[in-house]
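You will see subunit A twice below: alongside subunit B first, and alongside subunit C after that.
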Partner chain A sequence: MSTVLETPARAVEPAHPARPWAAVFALARFEARELRMTVSFVGIAALYIAWIVWQSTRSEGDYPVLQDVDRATQSMPLLMGLAVMLGVNRAVLRSHRCDTDRHFDVLVVEPWRRTVAHVLSVVPAVLFTAVCVLVQFTWAALKPGAVGNGSPAELAVGPLTVLLFGVVGVLLARLFRSVFAAPVILVLLLFGMLFVAPSSGSNWTSWLGPVVTESGSSPFPSDLLGRPAGWHVLYLVGLVLLAALVAVLLSGGRTTVVKVAVAGSLALTLVGAVGQSSGTPAGSTPARDRATNAPEKVQSCLKRGGSTYCAFPEWTGRTADWAEVVDRVQNLAGGSAGGERLTVRQRIDATYGLETDTLISPSTTPGQVTVGTDWGGNRVPEFAAAVASVLVAGNEKAGSTVCDARMVTIMWLALGGESDPMTALRNVRLDDSVSGSAIVLSPTESMSMSAEQTRIVVDLLKKPRYSVAGKVKAKWTELTSPKTSTARVAELLGVPAADKSAAKAEADGDSCQE
Partner chain B sequence: MTRALLTPVLRTLPWRALAAGGATALLLAGIPRMLSGAPDPWLGLLALRGAALALALGLAFLLDDPARHITSAVPVRRPLRVGLRVALAVPGAALCWTAAVFLVPEEARPPVGALTLEAIATAVFALAAAALIIQRSTVTEPGVAVSTSLLSTAAAAFLLLPDGWALLVTPDDPRWTDTHERWAMLLVVALVVGARGCVEPLRAGLRLRPF
Partner chain C sequence: MSDLPTTPTVSASGLTLRYGGTAALDDVSVRLGEGVTGLLGPNGAGKTTLLRVLATAVPPDKGAFTVLGNDPGTTAGRQEVRRTLGYLPQAPGFHPDFSAFEFVDYVAILKELTDRAARHGEVRRVLDAVALSDVRGKRIKKLSGGMRQRVALAAALVGDPGFLVLDEPTVGLDPEQRMRFRELIARAGEGRTVLLSTHQTEDVAMLCHRVIVMVRGRVRFEGTPAELTARAAGRVWSSTERDPGAWAGWRTGTGSFRNVGEPPAGAELVEPTLEDGYLLTLDGESSEVAAA
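Moving on to the complex of A and B:
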């Protein structure tokens, strides 16, 4: 007796349509969490946040120039990128290290999709960097003293650097299956970049690195920067795509689409590299010459009080701060200087580009004072010294060569109105001292004051302002005459005379011999 | 006992990582000689610092031992086990550093003593971190975590240290002597931490999770 059992053939159909990308996103989310749990990532992120807070709250940053602030956001993402690169590299190699590669062979997620997931796991770190960069820039932009314009292309470099480092970490893991390859290659890359192209250099090889911070000079108007920021972003995007697609290609995604995309991203990178290597754009050099040699053609002038303030268009908002200093200095001056109509002109030397800090030559026009593009901190007493030297000596050129007793009047005018004159004196002197002879900084050429002049100025600054101001105004003609000796100035202003030997040394020094 | 341990330890040293570190160090030190033009002292300094970092990166993997949990039962105490590994690696590292120093052209060579101090401090720092991690956690291969933190610390020191605390200055800088006093202090701290990391933990104290 036999029974024939016929089981009807049943086709097995999946209950849901295949969703291969769901696994990719799930893996990317998991790996992103693993990445942000690593000690080095957490440490560097904390350091980054602390650095932003420190940079934004210190008093030197009270008058930010936004076209420089956007570039200043680029260096710290390098550190983030480093941590992300090594973390992602380790994550990709985890299955190799733990010998679980074989287990993945039975999964439906192909190796190339795993690679894509690892690339995507970098995205939260990139977003974090983008938020940090935006916070740093916005914080600076919201300060009352902010001037200038930021460039979105410069701001994009930071997050793109982190993305590039992360993607290169994935690529390195697919190229070399060992955990020490990534750190060693990273050291080689970093030092190789330093050797071949110092990040400060302005030749085309330095632009091949992810971050080029050209610094050194005082801030330029944004139309004179001449940095190929847009091309550089294109170059970085191309590099990111190239590295990601090559990693996908290496892990088995050898479809025509991927190959075409690799070719496309290579082309994009090359276009970016060629575009950024063309050097200073053609229009920049004449514009820089014009801004250096004939600033009046591009500047707009404002009248405030008795004086005229000429600034590059982006700086016109700062004229009120200059006017405050000019008024403070002029209020202390006597004679015709108290009512003199000054011209404050902003000047830069843009001839040699962003990396050279060039000294601006003093102006010979009577009553013209030079002010730079920086402001805040030490720049304020320096500008006040320049204003005082013009009031006393007539013009900047003559003011910068003063080394006789008029220096006492200049320094007292410059600092007497300050709320904290002794700190200002310390700041304005090159060696940060309040005794002995020293160089006094100004926006153009520096001045020098002798030990005896310093003693008198310090003595005057310690007295109440009104008691000195009356004497200065009353004796203005004698005080501003080059023939008056230092001892006589001390006597006029009621400062006790120095002992004999110091006075004799001073008499020698009065003759402007260095 | 030590002699019996010698061959197995010699065989389980992470030779590939050590060789990669050494080769990178020699490559970096050789770059100034490969470049054309007059020897640049700044490049020589950079090359030797790169070589020191690469050597330290290699040494960061020295205490990696996948079989650590199996061999921890041997009747040899931890200081000896760690010490043996270090003793086996030190001659090679010293040789590599000497070669790196001589690879830099003499006109571009920075003060060798000071640079050697920096190199030793960096290497001891890496080894101390690795020893601390294997003492305080169940990780068998701390090399990756140590190399990551070493690189991050180096980059942060290069980018962030304020002027008063600078560690990486050029020989013509007036702070050169001061910074090397700081390097010596770092070396002492790293040595103390490393010595502490070599002691057998008697009770389960604070446990770290480096990854």
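Moving on to the complex of A and C:
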């Protein structure tokens, strides 16, 4: 058997000019394709896309606050970064594992240029992450009711994290010639992040990690965040450059330029690290105090109907939604409450920064209702309950201490105008129940409903709205009197009386004692 | 030593390389011209070391060499040498999950063939040349040993190097595959310089226009295969019993003994082969030969 050579053994044009950097880019493209085809990358990328779709559809009806949405883009890139890190680490070690080093080391593209190519091979994964981040952010920004401002620095953290993980994968391969080194070091790093540098952002060590998630109970105006996002980006860029250049050094690129660049990137990293560790910016603390204790100094107010709506500048577009709820509740109220001029004021507690979960104290100002910086979902019936409590009790403080039969009126006012009142009732109660006693949530302090009050409210919510509204308006004075018993309220509103044991239990105490 | 190339592709003088106290190369000087040059020698003779030095994998401790006029002693010169080099190492490694095409393409990139369309054309050309075009999309881990060796040869040939270094490319191949490989190497030697390290004297006899024999890190012979064969003229004889005075002797298929050494008077001399000349050149330096 012989080989028939139909093609010439030599190329027509044998010579080619030196193109070292073109070869680096060609190799980077090749390695990027290999990286994209790894099972872990494909799996994580699919998971990432599915997560974005799920996140966006899950929170349908919510009202995004963009200065929180930008931070929410940072967690999934961590997973993406892990896949990239392990993939690129294996790719760099491929020649060693497969014993092709002996061959490749005498080829034109030197090992240090191959290291540069491996670093560049991460770029498509970084771009993919950047696209995912932008899609996630844009999707939220385009939702009706989106408020606030995203930070480009916060949005850059996700892609930079993937880049950093990829570069660290290359560096680890140049430091340790074992495929087990990267996973082991990864586990150690994760433990380090858990115990030394928690990602919560409460101290300077947490900023040494790539992603610092800080989330409190409610969003802040963007000028109160005080996150050193710009410094952190500088720190990450410095780390990326430092890891990449050290990897180049280790693989033979020991030129003066590289050594100087290593020193420069180290300086950049240190500048970023110092900048991000300096704590809350000087101007943020008084601004947070002002927003917490004297929000009227920084808010703008709009009049809608008879009421006034005061919001932080980024939330002024949301006053129409608040007004709609106020109108709906007031339409059901009787006496002077239906026309009462309320002041809806947005309030936050920013004293201790993002991570505090402090309850806002109820206002004692007559006719003032507190609204938070969150909106949509459960926040809507909670706000309605607050409006109703002020209409019935006169102010928030008094409303939050209502334990008597007025709770029936408050809850019916809050929920009677809802399109799906039973769901709204479930949502506004802490235990998501529609029977028995429960805590009722509001933007400030919670209220309490007894089991009997719940039974009456449920019964009322099942009746046609117009028939109950007529009775409420007609019997408004008695219904809003603290002296009226629950049994009397039921009677006034046409709800069948409770059995004797329930009635006795109700008479023995109020809803606040249950 | 006759027929030295007047304008050599490779010119080396005084190459010396020591590993600890052992001289892997000891003042080696060679000149290689167009065509296939065979490099023979027993294990540990320094063949692979010489190839690695000429392939710029390791620098010599002493001595110098040029490839197509480029001096690998400088960074720029070394890069130029590598641009003209095709190297097939001993027992080459592969990326088993790559297809044959991908592997050769990868090597082509490392040889600075950067234009994608032209590079892919070149990869197809060399895979055709080693008769692997039908399996170019197949993963290397699914190819036979002979096919893998041809992938390695294609990787060495890609970019049309002027200087091809082949380190025992036919080891482990069956006779048919070896014959196929000889054909490929012979074709590769047309118009370029090929240095072929081998234990197979048959390969040298059939492929090479020149041969170098190395023993203990030194060049013991450099010339044509005919000149190496001629060294055994009058020193190979046939007998019915193994001649105790022979340096090496073995029973042939016909039942008679073939002896190599200094023949006794009246011995029945037979036509020497390249292998006889090679064995006599070793002069008992190889343990393998002594065992024979």
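Keep in mind that, in the parts below, the second predicted complex is superposed on the first by the 488 of 514 C-alpha atoms of A that agree within 3 Å, B and C clash if a C-alpha of one lies under 4 Å from a C-alpha of the other, contacts with A are read in each partner's own complex, and residues count from 1 in each chain.
Following the convention adopted for this analysis, contacts are C-beta pairs under 8 Å (C-beta built on N, C-alpha and C of every residue); 3 or more make two chains touch, one makes a residue touch a chain.
Model, not experiment: these values are computed from the prediction.
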item	value
First, second, both or neither for A:78, with subunit B first and subunit C second	first
First, second, both or neither for A:109, with subunit B first and subunit C second	second
Touching partner for A:194 - first (subunit B), second (subunit C), both, neither	first
Contacts of A:27 with subunit B and subunit C, given as first, second, both or neither	second
Which superposed partner A:44 touches (first subunit B, second subunit C, both, neither)	first
Touching partner for A:100 - first (subunit B), second (subunit C), both, neither	second
Touching residues (chain side subunit B, partner subunit A) in the complex	16-17, 20-21, 24, 27-28, 31, 35, 43, 46-47, 50, 53-54, 57-58, 61, 141, 143-145, 147-152, 155-156, 159-160, 210-211
For the subunit C and subunit A complex, residues of the former touching the latter	55-57, 79, 82-83, 85, 87-89, 92-96, 105-107, 109-114, 116, 119, 122, 125, 128-129, 131, 155, 157, 159-160, 162, 176, 179-180, 183-184, 187-188, 190-192
Interfacial residue positions of subunit A with respect to subunit C in the complex	1-11, 14, 16, 18-20, 22-23, 25-27, 30, 94-95, 98-109, 114
Subunit A residues touching subunit B - in the complex, by the definition given at the top	37-40, 43-44, 47, 51, 75-76, 78-79, 82-83, 86-87, 90, 97, 178-181, 183-184, 186-188, 190-192, 194-195
